[in-house]
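What follows is a set of notes on a single structure, which appears directly below.
First chain written, first letter: the chains are A, B and C, and each begins at residue 1.
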Amino acid sequence: MLEMVLITLIKVLVVVVAVLTGCAYSTYMERKVLGRLQNRIGPSYAGPFGLLQPLADGLKLIFKEDIVPSNVERITFALAPMIAFIPALLSFAVIPFSSDFELFGYHITGMLSDLNIGILFIFAVTSLGVYGIVLAGWSSGSKYSLLGGLRATAQMISYEVAYGLSIIGVILIANTLSMRELVAIQEGITNWIIWKQPFGFLLYITAAIAETNRAPFDLPEAESELVAGYHTEYSSMRFSMFFIGEYANMLAVASVGTTLFFGGWNGPFLPPVLWFVIKVVAFMFCYIWLRATFPRLRYDQLMNFGWKVLFPLALLNTMVTAAWVML
Amino acid sequence: MTLDMFIFVFSAIVAVFGATMMISQRNPVAAVLYLIVSLVAQAVLYVQLGSVFMGAVLIIVYAGAILVLFVFVIMMLNLRGKEDLGDNSPPISRATKYIISMLMVAEFVFIVHGSVFSGPGGGMLEAETVAGFGSVEGIAKLLFTRYLYPFELTSILLLSAVVGAVVMAKRREIHEQSDSGSVSIDNDSNEGVK
Amino acid sequence: MFETLFPIIVLVTVATLIAGLLVTFSIVLGRRTKLGKKTEPYECGVEPVGTTKDPVPIKFYLVAVLFILFDIEVIFLYPWAVISRQLGIFGFVEMVIFVIILLVGYFYVLGQGALKWD
């Protein structure tokens, strides 16, 4: 019993530290890749190749002044960054990072919690992520925040339906909601679900980008019209909680995509964890690539696309997959 | 007390505490937040009972969807919790209210006591343990065989709700437009300008 | 159930602690200046115009209602997807009927222009 508790505690700490480091270096990767794509060199002063840049940024943010504007709803204003941050980390509870392994004579599973409805858990956690943003926008007492928060919420709930639908094709093929079993049936590159659900994958990635408020769907923080959207009034570490939350959400989406469509940690020669990381990094690269390529949509285009294109297509994909599975 | 028991007691207390705070709050946003806390605690209880699917659905549908609507309504009416909402309660004395609520509590206790603690099975009600009770497969099998008819009727219910929502919103929109446009955040009145 | 629930509870606790600690750090360690005008809402340095007291358009409310309804539909699809092979053609037909009834609602919404953003 005590052993189990200790192992769990250590595993949770390792995962949290890994995810937070992942978030920090995602920002580095984003700035570096975006720089290269725009013919710049990106951060290069702090440490070799600018590798210490995320650390410098983090320290700088901690020592910044924490401003609470005078006309905010104080309690909600203080809670909102935390509500944005916690669900973002929570998705990683059910993601299989690695195969099971033996360490110091203990059998250690490659995931924190082998919940038999892993996918639904992720869906549930994602649906809670809305509150951080809507409460931040509402409590800040600023027009930009209010509009950003409203837009973000309407966008997230609109795309959540398509997000949930796009996964159902995978479940129809795998007949399970457990992340562990999903990885198990995708051993060997030919068994990856992406080959059977290429269209489902496109729907997933589109809905997921909108769900994480990233370019070209980054309307909630459209700088040119809304300053910084829902976190306009936030400064210092409270601001960076939203920032970390956003990157943790991106990593979660990348991890889920890897597990659902690209065989999770399956791969030859290299250790499973490494394969997992490689696939997630490839995912993150696509995120940045998309940001560098596409201009931002207009809000009406965004909502129309979500309800009138993505939703029917996702439903069609589900029904066609079901018919195909039956035959 | 095992850790399992501790988690049960803790989430039970949090669930009841959240619900109590929810109904006693004057600030509507705080009330919604307490309701979310209560729902999450209830989801933990579901998971402990082995019904993980129900726990997830509780979070997705209630905490993730219905309460978002609540927040939108609060934003729409712009209830900031500072101004008094006015006392709309029926004109009965405070004592009567307390007596009625105590009667309600007594009724709940009576029903719960009668069904759970003194039913068959030596104090605790034995759950009907079908194979895969509470799992997604178990629920799905029941839903698509024995409860097929109610399931299909659900879609009719959802359909009528969709129609109802659209009709209500349309009426409200027309009402607001004739109200010299108190709607001000998006520019939906100037359709000619493109 | 305990082995699956416990790590999640630990993760929530750790995440909450980290969130609390980080915010406390910046409140304690962050530099402090006279706030003055800094506590006003952001408006590019000019005096803020208007308030946030305007009510929100009804459209957002409608989107939220439609989201709930279609979200429930999606939730029903999950258990069906898990046992779709066992249910076979019978289950498929059931689900097609379910989806068609909801599509009627969807096209009604489209026809009424309720999802029109302009």
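Brief remarks on what is shown
Here is the rule we go by: a contact is a pair of C-beta atoms (placed from the backbone, for glycine too) under 8 Å apart; a residue touches a chain by one contact, two chains touch by 3 or more.
Every value quoted in this text rests on a predicted model; they were computed, and no experiment measured them.
Located most centrally within the structure is C, per distance between chain CA means and the overall CA mean. Counting C-beta pairs in contact across A-C and across A-B shows that the higher total falls to A-C. A separation of 16 Å divides the Cα centre of chain B from that of chain C.
Chain A and chain C have Cα centroids lying 14 Å from one another.
Centroids built from CA atoms put chain B at 27 Å from chain A.
In chain A, 5, 115-116, 120, 150, 153, 157, 160, 177 are the positions where the chain touches two or more neighbouring chains simultaneously.
Of all residues in chain C, those touching 2 or more other chains are 4-6, 56, 60, 64, 66-67, 71, 75, 78, 82-83, 106, 117-118, listed in ascending order. Of all residues in chain B, those that touch two or more other chains are 3, 52-53, 57, 60, 64-65, 68, 72, 75, 136, 185. Only residues 3, 29-30, 33, 36, 43, 52-53, 56-57, 59-60, 63-65, 68, 71-72, 75, 80-81, 135-136, 185 of chain B touch chain A when the two sit together in their complex. Taken together, the chain B residues at the contact with chain C in this complex read 3-4, 7, 44, 47-50, 52-53, 57, 60-61, 64-66, 68-69, 72-73, 75-78, 136-137, 139-141, 143-144, 148, 151-152, 154-156, 158-159, 161-163, 165-166, 169-170, 172-173, 176, 182-186, 188, 191.
Chain C contributes residues 1-2, 4-6, 9, 53-62, 64-69, 71-73, 75-76, 78-80, 82-83, 86-87, 91, 94, 97-98, 101-102, 104-106, 108-109, 112, 114, 117-118 to its touches with chain B in the complex. Partner chain A is touched in their complex by these residues of chain C: 3-8, 10-12, 14-16, 18-20, 22-23, 25-27, 29-33, 35, 38-42, 48, 50, 52, 56, 60, 63-64, 66-67, 70-71, 74-75, 77-78, 81-85, 88-89, 92, 95-96, 99, 103, 106, 110, 115, 117-118. Those residues of chain A lying in contact with chain C across their complex are 4-5, 8-9, 11-13, 15-16, 20, 61-71, 78, 81-82, 85-86, 89-90, 92-93, 112-116, 119-120, 140-146, 150, 153-154, 157-158, 160-161, 164-165, 168, 171-172, 175-177, 227, 232-233, 236-238, 240-241, 299-300, 303-304, 307-308, 311-312, 315, 318-319, 322-323, 325-326.
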